[in-house]
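What follows is a pair of complexes built around subunit A, which joins subunit B in one and subunit C in the other.
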Partner chain A sequence: MAKTELLYILRPGDSFQPLTVNAGAGEEYSVTFLILPGADVSVSIAADLTGAGANVRINGLYICGASERVEIKTNIRHLVPGTSSNQIVNGVAGGQARAFFDGRIIVAQDAQKTEAYQTNHNILLTEGAKVETKPQLEIYADDVKCSHGATIGRLDEQEQFYMRSRGIPEDEAKFLQLISFLSPVLEDVPEGRKEELAALVEASLRSVL
Partner chain B sequence: MISDDNKVIKEFTSSEYKEGFVTDVEQEYVPKGLNEDIIRMISARKQEPQWMLDFRLDAFRRWQKMPMPTWGHLDLPKIDFQDIIYYAAPKKDADRPKEIDPELEKTFEKLGIPINERKALAGVVAVDAVFDSVSVATTFRKTLEEKGIIFCSFSEAVREHPDLVRKYLATVVPVGDNFYAALNSAVFSDGSFCYIPKGVRCPMELSSYFRINASGTGQFERTLIVADEDSYVSYMEGCTAPMRDENQLHAAVVEIIVEKGADVKYSTVQNWYPGDAQGRGGILNLVTKRGICKGEGSHLSWTQVETGSAITWKYPSTILKGDYSSSEFYSVAVTNNYQQADTGTKMIHIGKGTKSRIVSKGISAGHSQNSYRGLVMMNPGADGARNFSQCDSLLIGDRCGAHTFPDIRNSNPTATVEHEATTSKISEEQLFYCNQRGIEGEDAVALIVGGYAREVLAMLPMEFAVEARKLLSVSLEGSVG
Partner chain C sequence: MSDILLKIEGLHASIGEKEILKGVDLEIRKGEVHAVMGPNGAGKSTLSAVLTGKPLYEVTAGSITFLGRNLLEMSPEERSWAGIFLSFQYPVEIPGVTITNFMKAALDARRKHLGEKPLSGAEFLKLLRSKMDFVKMNPDFAKREVNVGFSGGEKKRNEIFQMAMLDPVLSILDETDSGLDVDALKIVADGVNALRTPEKSSIIITHYQKLLEYVVPDVVHVLKAGKIVATGGRELVQVIENQGFDKF
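Then we have the complex of A and B:
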C-alpha cells in the first residue's frame, strides 16, 4: 500500500501550481493545504481514482483577515469500482476577504461501491467578508455512498456567552471556537507535523482576530 | 435473489401514460413560425389593447438577440422555433365559448378535472381549464366574486382588469429575464390570473389545469397571482398531453406577488407526456416560475411533484424582500427511461430575518438524468437570515444519473446557510425486509419510494396528494433493476 502525503503551506506571495493526482490500485493520497492570512491564492486539485482500493483525502483550511481573495477548486473523479475519497475544507473569512469553494465529485458509470464524502464549512467574521461555495455531485452509478455538506455562518453566540460568563474574554472565546472549528482539518496531516501546524494555525487565527 | 429484484424493479418502472389520448375537436391555428406578424395576429385574435401588443413586440425584439441557454445538465434536442405553431384554439367562438364544447368537457372529465360545477366536489376546488392556447372554463367564479376574489383566464384579465395586470405583469419575471421567459412574453396565449384582495382568505383551492392537445404546437401560458395584504390562497396546477413521437415545447411563466402578511401556497403536479421507453417524443418543459415576498411577514410556499416531460428545466424561486418573510421549496422529481430533469430553486434573501427551507428529493431510474440545481443568496442587508437545504437523490438501476449543483453565497456575517445532500439506492436489504413481511415486488418499491418522498407529499393539498402518490408509483413502473 503506497501512501503519498503532500503538504502545502501558502503564505503571502505564494502561488499554487495546479495539482493533478492519479491514484491507481491500492494507492493512497493525502493532500493538505493551509492558506494563511495575506495569501491571495488559487488552489486547484484534480484527482482521478483509477484502480480498486484507491483513496484520496483532501484536507484544507484558509484563514483570511484583510482583503485576500482565495479560490479553492477540487475535482475528484471516481472512474473504477471500489474507490473512496474524503474532502474537508474549512475556512474563516474576516476583513474584506473573498473566498470561493468549487468542489466536484464525479462517479463514473459502473464505478460501483464508491464512497465519496465532502464537507465545506465557512465562518464569516465581518460584514465586509463574502463566501461562495458550490459543492457538486455528479453520479452515474447506483451502488454508491456519496454525500456533501456545506455551510456559511457565524460563531455560535450561546457558546460565546457560556465562555464569557465564566470569565473568558471575548477575543479568547472566539479564538477557542475557531480552533475547534478548524481542528478537524488537521486530523489527517503528516505524522510528526501536527503540533507544528497547529501552532501555525493558532498564530494565524490570533492575527486576524 | 438479485435477478428477482431486477425483474421486480423492471416491472415496477414500465407503465403506461394513461393521459396520452387525443381529443378530436376542430381547432384553428395561426400559421406556423414566429415573426412580428404572427405576434400581431395572436394579439389581434385575443382583441388585446395596444399596450399588450407593445409588451409582446418589445419581448420579441429582445428574445431575438438572446442566445439559448446551455448551462443545464441536459442534452436538449435542437428546437426549431420557426417550426412551431404558436396559437391553437378549439373552434367555436375563439376565446371563451358560452357553452363548453361537450368534447372538451369530456376530455377534462376523462382527466378527472371537474369543469362542470354541478359535478365538482361541493365547493372544494375552483378550476381554470386551459386547452392548448385558450382557457375553456373557469368554475365557481360567482362564489369567488362575492369575496372580491378575481379568478379568470389571463386574456379576460387583460380586458377586464387592465390596471391590475399592468401594475404587476413582468414585475417579478422581467421581459428579458431569460431566453424562454422572453419567448413566453412575446407569444403567451392564455393562463390564469388571480387576485386576492386585502384580508381575504380564499375559501377554496384555486386550480389551473393545462392540456396540450394539438400536434405541432407549443403551449405558452402565463399565470399571475397577486395576494394583497394579509390574504391567503392555495393554488394548484396540473398538466398533461397526448403521446406523440415529436417533442412539444412548453414554455410558461408564473409570477407571484405576495404583499405584507399574505400567504400563498403554490402546488404543482407536473405530468406532461414524458416520451416513450426509447426516449422518443415528450414535452420539453422549460418554464420560469418566480415569486416575490414583497411585504413584511409574507410567506410563499412551493411544492412540486415532477413526474412527466422529456426534459424539465424549472427553478421556482422566491425573492425574500420583506423583512421577516419566509419561503419553502418542497420538490419530488422522478425521471425514468430517457427523461432528463434539471430542477431546483433560488432563494434570494434581501430582508432582515428572512427564512427559507429547501427539501428536494430526486428519484432517477432507467437511463434518466436527474439534477438538483439551486442558488441560496444572502445579501448584505439580510441580517439574521437563515436557510436550510436538504437534497437527496435515490438511484434505481445502474444506468441513470443523479446530480447536485448547489450554489451558496453569503455576504452577511449574521446570516446562516446550511446545505446537505446524500445519494443512495434502494438496497437489497430494504426489499428483502419488505418481501419477508409479505410485501412483494412493486408494492415494496412503491412503499420505499413513498416513504422517501413523504416529507414533500405531506405538503400537498389533500386533493393532490392522493393523485401524486399514484403518479409516483406509475412513473416508476418497470424501473426496478
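Then we have the complex of A and C:
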C-alpha cells in the first residue's frame, strides 16, 4: 500500500504552496504542518479521495504569540465508496494574533461507507487574540460515519490554580496545559521525528508564554 | 524564636459582592493540629481558598502572617514553596498531565526557587515510589493523568500522596473525609498522623467528626456565619456530635 508522509514546518518568512492531493485506491497520505510563532502564513490543503481504501490524514497546529495572521483551509472530497479522512488542527493564539480555520468535508452521493472526521480546537491566551473557525460538512451519501467539532476557549483556571497550589509557577502550569492540548496533533507525525517536533513545539510554546 | 506558625487577624473575605468571612481570628503554633468545624455555608472552604490564594476571593480587611511573612502578598506557588499545602475538597482533573510529570514539575519548581539542583530522574522516582507506597497507592497511578477517571477515594488518596511528596509545614485538609469509606479514611488519617512532627501543623476543615476520630486535634474551632464562635479542646468535637451546630 502506497504511503506518503508530508511534513511542513513553517517559520517566520515561510510561505506555503497550496497542496493538492489525489488519493487513489489503497493510497494513504499523512500531512503534518506546524505553524510556529512569527509565521504569517496561509495553508491550503485540498484532497480528493478517488479510490476505495484511500485514506488522508491532516495533523496541524499553530502557535502564535504576537501579531501573526494565520489561515488554514482544508477541502476534503470523498468521491468514491469506502474512503476515510481524519483532520486534527489545534492552535494557540496569544498577543494580537489572528487565526482562521476553514475546513470543508464533502461526501459525494456515491461515496457510501465514507468515514470522515474533523476537529479544530483553539485556545486564546489573551484578550487581544482572535480566532474564527468554520467547519463545514456536506454529506450527500446516506451510509457514512462523519463528525466534526470545533471549539474556541481559554485555559482552565481551576487546573491552573490546582497546579500553582503545588508550587508549579503560573507559566509552567499553562505550558503543561498547552502541551497536553497540542499533543494529539503530534501522535501521527512521521516516525523518527516525533521527539524533534515535540521539542520544537515545547520551545515555541515557551516563547509565547 | 516565636513558635507561632500562622496568625489570622480580623480577616474579612468576599467572593464577588458577597462577604463570606466576617472577622476571623486564628492562631496556630508549630506542632498543633486544629480542626475547623461548621455547618454548610459557614465559610470553611473560603478560609482554605484565602489561605492558598485562590483567584476571585478578595480579602477586604485583616491580615494573615505565615512564619512572619505577609501571606496575602504571596502568589499561590510562593505559598506552596513556603510550605503551605491544601488537600482539595474537589481535586481537579488535569487531562494530559501524568502524576509523574505533575509532581516532577512541582518539585523542580520548588527546588529551583530554593536554589537547589533538580532531583535526578532516579532520585525522583525513588521518592515517588516510596510516597506512593506510604499512602498505599498502586504504582500504576504514576502514569495516569492527574485525577482523570479516579474514584472519590482515589482522588483523596492522591491528595495525601501529593502532601507526602511536598512535605508541607502547614497542611490544610478541606473536607478530606467527605465521601470516603472507613478504609480510605484510615489511610488518609495514617498519612496525616505519620507526617505529624513538632515543627508541622495541620488545619482540618470538616463538617463531620469522622476524620477527627482518627486524627485527634489539639484545638477545635467552630466557624459559623463567617466568624469563629467557639474555640476549645478536643472535647468540643463531642459537644458538636451530641448537640449539633445550633447550640453555637
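Everything below uses one rule, namely that the second predicted complex is superposed on the first by the 209 of 209 C-alpha atoms of A that agree within 3 Å, B and C clash if a C-alpha of one lies under 4 Å from a C-alpha of the other, contacts with A are read in each partner's own complex, and residues count from 1 in each chain.
Heads up, the rule we're going with is that a contact is a pair of C-beta atoms (placed from the backbone, for glycine too) under 8 Å apart; a residue touches a chain by one contact, two chains touch by 3 or more.
This one's a predicted model, so the numbers in the text were calculated from it and none came from an experiment.
Visitor: Mind checking the superposed model to see whether subunit B and subunit C fit together on subunit A or clash?
Guide: Pair status: fit.
Visitor: Which partner reaches more residues of subunit A, subunit B or subunit C?
Guide: Of subunit B and subunit C, the partner in contact with more residues of subunit A is B.
Visitor: Which holds for A:L137: it touches subunit B only (first), subunit C only (second), both, or neither?
Guide: Only subunit B; A:L137 stays clear of subunit C.
Visitor: Applying the document's definition of touch, where does A:H148 land relative to subunit B and subunit C: first, second, both, or neither?
Guide: Touch partner of A:H148: subunit B, not subunit C.
Visitor: Write the angle, vertex at the C-alpha centre of subunit A, between the C-alpha centres of subunit B and subunit C, to the nearest 10 degrees.
Guide: Superposed on A, the angle at subunit A reads 90 degrees.
Visitor: Regarding the shared-chain residue A:F161, is it in contact with subunit B (first), subunit C (second), both, or neither?
Guide: The second partner, subunit C, only.
Visitor: A:E172 contacts which: subunit B (first), subunit C (second), both, neither?
Guide: second
Visitor: Contact-wise, after the overlay, does A:S180 reach subunit B, subunit C, both or neither (first, second, both, neither)?
Guide: second
Visitor: Measuring by CA atoms in the overlay, how small does the subunit B-subunit C distance get, in Å?
Guide: Checking C-alpha atoms only, subunit B sits 13 Å from subunit C at its nearest point.
Visitor: If I apply the document's touch criterion, which positions on subunit A are contacted by subunit B in one structure and by subunit C in the other?
Guide: Dual-contact residues (subunit A): none.
Visitor: In their shared complex, at which residues does subunit B touch subunit A?
Guide: These residues of subunit B touch subunit A: 73, 378, 380, 393, 395-425.
Visitor: So in the complex, the part of subunit A that touches subunit C is made up of which residues?
Guide: Listed in rising order, the residues of subunit A that touch subunit C are 157-159, 161-170, 172, 176-177, 179-181, 183.
Visitor: Provide the residue numbers of subunit C that touch subunit A in the complex, in ascending order.
Guide: 52-55, 75-77, 79-81, 85-86, 88, 91-97, 101-103, 105-107, 109-110, 113, 162, 166
Visitor: Provide the residue numbers of subunit A that touch subunit B in the complex, in ascending order.
Guide: 109-110, 112, 122, 124-127, 129-154
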